[in-house]
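In the two complexes that follow, chain A is the common piece, with chain B as its partner first and chain C second.
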Partner chain A sequence: MGPEEDGTNPMDEDGDGDAEEQGRDMEAWEKAYAEDRSWEALTEDASGLLLAVDVTQQQRQHRRRFAASKGPRIQRGIIRYVFVVCDFSRAAAEADFKPSRMGAVANCVEAFVREFFDQNPLSHLGLITIRNGVARRLTDLSGSPEAHIRALRANLECSGDASIQNAIDLARGYLSSIPSYGHREVVILYSALSTCDPGDIMDSIAECKKANIRCSVVGLSAEIYICKTLCDKTGGVYSVAISESHLKELVLEHAPPPPAVAESAVASLVRMGFPQRGAEGTVALCACHREVKLGGGYTCPRCKARVCELPTECHICGLTLVSSPHLARSYHHLFPVPGFEEVSVQLQSMGKFDVLRLCYGCQQELPTAGSKAIAGVRLECPRCKQHFCFDCDVYIHESLHNCPGCESLVK
Partner chain B sequence: MDALNATDDISQVVILLEANPYFWGGRSNGAHSTGPANFTFDRFLEHVLLFINSLHLLNQANRIVVIATGATSCAYLYDSNAAELSENARTARVSKKLSVVEKITQKLEDFMSKEAVYDLNQGTEDNRYSLLSGSLSMALCYIQRILRGPSPHPLPRILCLQGTPDAPPQYIAVMNAIFSAQRSLVPIDACIVGNHHSAFLQQATHITGGIYMKPPAPEGLFEYLSMVFATDLYSRKFLQLPRASGVDFRASCFCHKKSIDMGFVCSVCLSIFCKGQRTCTTCNAIFAPSKQPNPAAAAAQKRKVS
Partner chain C sequence: MKFKIEGLTVYFPYEFIYPEQYQYMVELKRALDAKGHCLLEMPTGTGKTITLLSLITSYQLANPVGKLVYCTRTVHEMEKVLDELRRLHAYQEKEIGKEAAKILALGLSSRKNMCVHPEISGEGSRESVDAGCRKLTASWVRIAAVDNPNIKTCDFFENYEKKGADALLPPGVYTLHDMRSFGREKGWCPYFLARHMIQFANVVVYNYQYLLDPKVSGIISREMEKECIVVFDEAHNIDNVCIEALSVNIRQQTLEGATRNLGKISQVIEKFKATDANRLREEYNRLVEGLAQRGNLPVADNWLANPVLPDDILREAVPGNIRRAEHFVAFLKRLVQYIKGRLLTEVVESEGPLSFLNSLNKECSIDQKALKFCYDRLQSLLTTLEITDTDEFLYIQSICDFATLVGTYQRGFAIIIEPYDDRMPNIPDPVLQLSCLDASLAIRPVFERFQSVVITSGTLSPIDLYPRLLNFNPVIFKSFTMTLTRDCLCPMILTRGSDQLPVSTKFDMRSDPGVVRNYGRLLLEMVAAVPDGVVCFFVSYSYMDGIINSWNEMGILQEVMQHKLVFIETQDVVETTLALDNYRRACDCGRGAVFFSVARGKVAEGIDFDRHYGRLVIMYGIPFQYTLSRILRARLEYLRETFQIKEGDFLTFDAVRQAAQCVGRVIRSKADYGMMIFADKRYNRHDKRSKLPGWIQTHLRDAHLNLSTDMSLHIAREFLRKMAQPYDKKGQGTNATLLSQADLEKMEQMENMQA
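Up next is the complex of A and B:
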C-alpha cells in the first residue's frame, strides 16, 4: 500500500492541482450534477408520470432528429439474399460478453432474424458457422425465421480457429446462384482476433467484390485490419461492439434494407404467384414436407401443389409464391407520408382553433394561444390541412405511414 | 398468471360504423344496390346502439369509441372517455344510457348532413366506396393514445361494421394500417353487413388475429354482435368463435386494379403488373430480359425511385 501511494500521489497533484484550488469540497463530476440540478426541471402529471418542463422544445428536437435520420429518398435493395456468419471459434468461449461471446451472438442473431423478416418479407437468409477453421452451412437460404433459429440453437458449441476466407468463399458459392435482381450480402459476427486461412484472403475479397457481395462485419473483440479491408472493398459496414446492448444495436442496424448500389443488382420483372389460403379443417398433402396436413396451407396457382408457409418457392413448378401482404409491407417506402409542419400557436386566429380544437387523429386537446395548460407543438399536414398532436405525428410517420386526414378525403 | 390478470376484463372497443349514404340509400335508386334487401340504416343503427349499451353493461369500465366511415369523410361520433369526464358521475344510469343514444344520433345527424352537402357537390362513382382507410387510421391513432396513457390500460380492439365493397385505391393505406395494428397487437374484427365479402378485412382479421364474420341474416345483427364480438379478448380463448373459411390473399395489379393470382413484380419497387412490361410505370426501372443472370447489363440503368 505504502509504496503504491508514493508512486501515484505526485501524479495526482500534477493533474488535479488546479481543480483542488477552485473547489476543494466537491469533485468535478459532482459539480456537473450540483450546478445543473436537472431533477428540479421535472414535474409529475396527473397520473404520476414524469414530465420534462420544456415539452415543446423536446418535441421540436425529436422532430429535427427524425427528419435528419430519414435523409434523402434513395432506392433500397428490397429483395435481399443474406448469409449471417457466426464465428464459433475458440475465441467465442470468452466470457467478456455475458453469458459468453457465443451466447451473446446467438441472442443477437435470433433477434436479427426476426427483425430481418419483419422488415424484408421477400428476402432470404442463411446461416454459416465457423468452427475449427472450417466454415459450415447451417441453414440454406430460406424465408422461414423459425428454421434458422432452431438450427442455431441446436449448434451452440465452439472450438478451434476462425477463418474469414473459408466463410466468405462458402457464402459466395451459394450466393452466386441466386437470381440477378437479388442483393447479395454477408454479415459476419466475428469474435476472434485473427484469421487462419488456407490461401490468399485478398483474392477472396476481390472475388466477392466482383460478385457484388456486400460484406459487413460486427466485431466482438477489437478492430482488425483484414475485416476493415473486407468491408471497405465490398461496400459493407465494419463496427466493433463494446457491450451486449451495443452488439445488439450494431447487428440490428443491418435489418433495414441497405441503399442499393447501381451495379449490385439488375432490375427485372419477377413472375410471382399469390396463392389463396385454404379453409381451416381441410386435409391435404403438402409438397414441402410430404406429409398430410390438416387445415391452413396455401395452393400454388400454377400447379395446385400445397405448401405450408409463405414466402417460398413452389416445390413442384418453382414459381415464387408470396402473399400480397408481404409485398404491401414494403410499399410505405414508395409512398411516404409528407412531413407535417409546425403551426405557430400564437399567430393562428382564434376562429380556426375553435374548429381544430382537437387532434384529428386521437381527439386529444391541442395547444392554443389562450391556454398554457397544454404544452407542445401543433402540427399540420400540408396536404389535408388537418391539425395533429406531437404523439400522433410520431406514430403516423414511424409506424402507421398513413395520414388519417388525407385518408378521409375523397381523392 | 393469466387468470389473475385484472385488466383482461376491461376493453377499449373502437367501432367503425358504416355510414355511407350511397350504400344505405342505394336500394331506393336501384342502380348499384349493394345493401341488403330489407335492412335499413335505422334498423342497423338500432342494433348497434343496443350493442354499445350492452358493452357498457358487461363491464362498466369498458370504454367505447364510435367512428363513422362515410363516403367523403370520417368523424368521431362518440367517446365514452370524454363523456365520463364532462358528465357528472352521479347521473343516474338510465339517463346516462339514454344520453349515449342521444349523443350518437345527434353527431350522426351532423355527420350525415355534411355528407349530403358533399354529395350535391360531387356525385362521383367513388362514392360507392367508404373511407375505411381513414377511419382505421383514426382508430389506430386513438388507440395509441390509450396505450401511451397510464397503465394498466384497457385492452384495445377495433370492430369494423363494413357494408360497402373494398375500394382498390385504398389498398396500400389499409395494408399500412393493418401492419401497424399487428405491431401494436391490436386485433381488428370485422362484421360484414353488405352483400360482398371484403378481402381487405379478411386479410386484416387474419393478420391481426381478429374475427371475420358475414352474418347470413343481417336482420339479426344484434344477436351476432353480442354472441361473437362482445366478449373481451381473454374470454375469447374459451369460446367457439367463427373461423375463417379461407382468406383471399390475391393481390391487385397496379395497371388495371384487377385481382390476380399470378403476375409480375418489379424487383426494385415491388409494383405488381398483370402482364410483362419493358419498364416499370411506378419507378421507371428498365427491366433486363428475365432468366439471364447478367450483372454487367445493370450498369446503364437508371434506378432512382421517384
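Up next is the complex of A and C:
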C-alpha cells in the first residue's frame, strides 16, 4: 500500500467497486468506524489542515507531507510519462484564485514542468487542455520544459463545459503506446464541478486502470465524487486547493516519482545515449528546431544528430538522450537519504544534547528548551545522529539528496 | 467492546463508541431501571440503532424483562435494524458463549413482504396478497379441499398447520429475507410462522401500525407481556401516525363500492338461505351470546380486528336489530344512503360525532349502539358467508370502520364534509372525513400496557412538546448533540437576495416576481458552486409547480441546466422513483444534478441524500401545513382546549420539524458533510430558530444568520474547500469523538473515585 491511499479525502467510504457494494449494506455511521480504524495506521502520513499559525506546527506539517510523498523505501518509477491536463472550461474564468483560476493553473503548471524535469530527468511530459467539452493535445510527450511552457502560454483562454472522459481517453490513446518500463500518469487540474461526457466515464476509468495509467486530480473548488472515484480506482491522489499557494504545493507534490505499480515494476533495461557536448563554434543543423544553430548543443551518439537540450529523445533515431548528472540525480529516488526524526526539545533539559547546540548543516543555533528565541523543530539523522535545523532538512531531502553528516563519517 | 454502565455490562460490537452513544445508553438505562417511558433525541449518523439494540439486549441479559419490540416506519429500516442486531448478536456470542447469548429475533411484516407462495406472492398490492392468501387458507376452503382435490390450498400453510406446536423457529436473528428462505426450505408459511413465534421471541421488529392501529394490533400484538420494552424509532411524526390510525375518509367511489358490496352480500345470503339456512341460524345464535371469541377463530380466518381501541370494545351481545344477516345488510344500506345524501352538500360542513349521530338517528333511525357493532358484525358475516376475496370488500369495510369509530368516540374526533378540494374548487370531489384530533388516543393503550416505551428520533424538538401531544409522562427526556471532529454541518439562514430584498414564502410574498427571481438566483449561484448533488425542498406541490414554471419563463431553469441536470418529485411514485434513480446516476457520473422535492412528501420522509448525493439542501420557505384545511383547524382548536397548546406554537413546531427533517437528509454519518440553507426571512426569528433540533442550532453560528445570496455563496465555497481537505477523524484530547474500552474504564474509575 503506497502512501497515496492515505485517506487524503473525507469520503473514503466511497471506496471502489466491491467495497461500495458492501458499503450499501453497512450502516452509514458504522462505515465511519471502519474508516477510523484504517485511520490509525495512517495518522503518520496524512497531511493536516493547512491553516496552522504556529511555526513549529507548520514545519511539522511540511515534514509530514513530505514524508507522505516519500513513504518508506519503495520501488519508484523513475521513467515517467505524464500528461498534465488543464481544464480551461467556463469555470476556469472564475476569479476566486488570482488572477483567475486559469492564470493560477498556468502558473502552477509552469512551476510544475520545471520541477518535474528537475526531479525526473529521464521522464516525459505532455499537455492537454479541455475547452468546450473537447480535449486537445497541446504538446506531445517530450522532454523539453520550455516547449511545454511556451505552448501553454500561447493557449490561455477558456470557455464551455469540461469533460474528464474526453481528457483521459485522449491521454490514454497516447500513453498506451509507450514502452512498458515507463510509468504512465495523468495529472488533471480541474476547475469545473461537473463533467459532460459523451459516454460512460466508468468505462474509461476501467480502461485507464487496465492500461496502468495512474490518474490524479487537483481540484480548484470542491470535492467531486467522480474525481475521487477516478483517483481511487487508478491509484492516484485527489486533493483540493484552498488557495493559490496551496494549489501550487498540491501540484508540486506530483513532481517526485510515485511508487511503481506492482505489475509494471518488473525490472527492465532501457537503452540510453550520453551525447557529447558540441564544440563551440561548430555550425550544425539542429534536429529539434529544424534550423541551423551555432555552437553548443549535443550530438546523439548513435545517429550524430544535433539536439539543443537534454534530457530528450533523439528526434531522428528515438534514442533517449541524457547526461550523466541527470541519471545520477534520478538515483536519489532509489537510494534516498533516510528521513530525519524530530527530537523533543524537552528532553534536552535532561542535559543530553548540550553538545549539539548548532545545526550540523548550516551552523545556525538550534531551538533549545530554555530559550524561546528560536522557534521550530530540531531534527536528527538516524544514521549519523547529527542534528539539523528545519531548513537544512528541507534542503538535504529535497535538493541535495545527501546527508553531510553521513558523508563525513569515517568509513 | 465491553464496558459497564452503572453496574450493567454492555456489549457493543465495535471497538470505539461515540461519547453521545454512551450518554444515550446511560439515560436509556435509567429509564428502564425506573420502568418508565422516555423521549430521546439524537441526530442521525450517530448510530442510534446500534446504541438502542446494544443497551437493551444487554439489559435483557441481566434483568428479567420482556421482549424488545422495535417499531420502524419502513421495511427497509426494519431490515437494517435486524442486520445490525445480527452483528451485535455475533459479538455477544463471542463474548459470553453461544448458549448464554441465545436469542430469537425476527421481523414481521404483511403477507405482501413475507409470502412465499409462487403465485400469491407475485400479486401487486398488499390487499390482493391478503385476499389471495385467504382464498387458499380460510377454514371452509380447507375443509372443502379435503373432499375435493380440485380446490386449491396453500402447501406452505398446510405443512405449517400439520406440524402444529412443533413448527418452531430455532434461535437466531431473522430478517424478512431470512424468514422467507427458512419458510421455503422447510415448506412452512413464513408469515404465519412469524406471527406464531412472536410470543417466544426476545426481539420483534415490525411496523408502527402493529402497535398503533387497533385493526392490526388487536390480532398481532394482543398477547405481549407488560414487561416489554417498546421502541419507536424515527418517531418525529408519531402523532400523525396515531391520528391516521383512527381516521377514515369516505369518498364517492367508496360509497359506490359499498353499494356493490352490499348487493353481492345480499345475493350470497339468498344463496345460503336456499342451500344452507342452518349456517345463518348458527351465526344468529352466536351473536345472541356475544361476538365471536376471536381467540377461537382459526388463525387464517382472523384477519382484521376491531378498529377501536381494546378498552373500548364492548363485550356484550350484538343488538337485536342487526343480528339477522338481512337486517344488517338493510341497516348498512340505510347508512350508505344517508352518507350519500350528506355528500351532496354544496357547502363545507363540520360537526362533532354527537351531532352527526343525532341527525343520523333522526333521519334513518340508526342508533349509536348498533353502529358500534358494525365492524365486528361485518367480519362475522363475511366469515359466515365464506367470503374470501376480501380485497373487493374493502369499501364496505371502510364504511363499517367509520360506523364503529363514530359510534364509539364522542370526544377527540371531528366529522368534516367538503364538497371539493379548496385548492381546486371547480372539480367536485366530495369527501367525508372522520378525523381523529387527538394523537394520545391511539398511543395511550401502548403506554398503559407496556412498562417502558422509548420514543426516539433525530428531530424531536422542542422535546417538551411531545409529552403534551401524546399525553404521557416520560421519566427521561433528553436531546443529545453530535460530537464532531470537524464542522461538517453548515446550516445557514438566508433572508435576502443579492439585491438585499427579503425572501419568504409568506402568503403575501410568495408570488412576488422579485422573490421568485431571488430564489432562482440563489439556486443558480449554488449549482455553479456546489459539486454533485443539490436538493431543493419546497413547501408544497402547487408552490413547486408555480415557481418552476416562473423560473422556466425567466430562463433561470435553462441556466441551471448548464450546470446540473434537473429532476422533479411528482405525486406518482413510479415516476419519482425513476427520477431519483437518474438523479443518483447523474451524481455518480459527475454530471451533477438538482432534485426538486416537497416537504412532507415521500422523498422528504424516506430518501437519504447522503454523501455526494446531497452536498447542499435548500429549504425554500417554511413548510407550514395548509392552514385553511378544516381538519387542521379542528385539530388546533382541540389542542388548544384540551392540552393548552397554542395554535401558533403547534404550527411552527410542526413546520420546523418538517424542515429539519428535510435538511437532515444530507447528513447520514459523521464522515459525511453537507450544507443546509433555510431560505426564508422568517427563519431568522428566534421563535422559529429555537425550534430547530439542537444539533442544527449548535452549528448555526451568528455569522450564518441573516445572510444574502452572495454572502452564503462565499460561505459555501469556503466550506466546500475546507471539507475537501484531509482530516483527523479520531479527534484529539478533549476533542475526542471516539472512546475505546480503555477510555471508558478510565472514566468509570474516575467516577468511582469521586463517589
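Annotations for the structure displayed:
Note that in this section the second predicted complex is superposed on the first by the 258 of 411 C-alpha atoms of A that agree within 3 Å, B and C clash if a C-alpha of one lies under 4 Å from a C-alpha of the other, contacts with A are read in each partner's own complex, and residues count from 1 in each chain.
To be clear about the criterion, contacts are C-beta pairs under 8 Å (C-beta built on N, C-alpha and C of every residue); 3 or more make two chains touch, one makes a residue touch a chain.
Just so you know, these numbers come straight off a predicted model, no measurement behind them.
Touched residues of chain A, counted separately for chain B and chain C, are more numerous for B. Of the two partner chains placed by superposition, A:Val292 touches none, neither chain B nor chain C.
Of the two partner chains placed around the shared chain by superposition, chain B is the only one that A:Gln364 touches, whereas chain C remains out of contact. In the superposed model, A:Ser221 makes contact with chain C only, not with chain B. By the touch criterion defined above, A:Ala154 reaches neither chain B nor chain C.
Shared contact residues of chain A with chain B and chain C: 47-49.
By the touch criterion given at the top, residues 47-49, 73-75, 78-79, 122, 179-182, 212, 260, 262-281, 298, 301-302, 319, 322-325, 327-335, 359-364, 391-392, 395-396, 399-405, 407-411 of chain A touch chain B in their complex. Put simply, chain B touches chain A in their complex at residues 71-74, 76, 79, 82, 118, 122, 124, 126-127, 131, 133-135, 137-138, 140-142, 144-145, 148-150, 169-173, 175-180, 183-184, 203, 206-207, 243-252, 260-270, 272-273, 276-277, 280, 282-283, 285-290, 292-295, 297-299, 301, 303-306. Partner chain C is touched in their complex by these residues of chain A: 6-14, 25, 27-33, 35-37, 39-40, 43, 46-50, 91, 96, 164, 193-197, 200-202, 219, 221-227, 239-242.
Residues of chain C that touch chain A in their complex: 14-16, 45-47, 49-50, 80, 83-84, 488, 528-532, 563-564, 587-592, 608, 610-612, 615, 668-673, 717, 720-730, 738.
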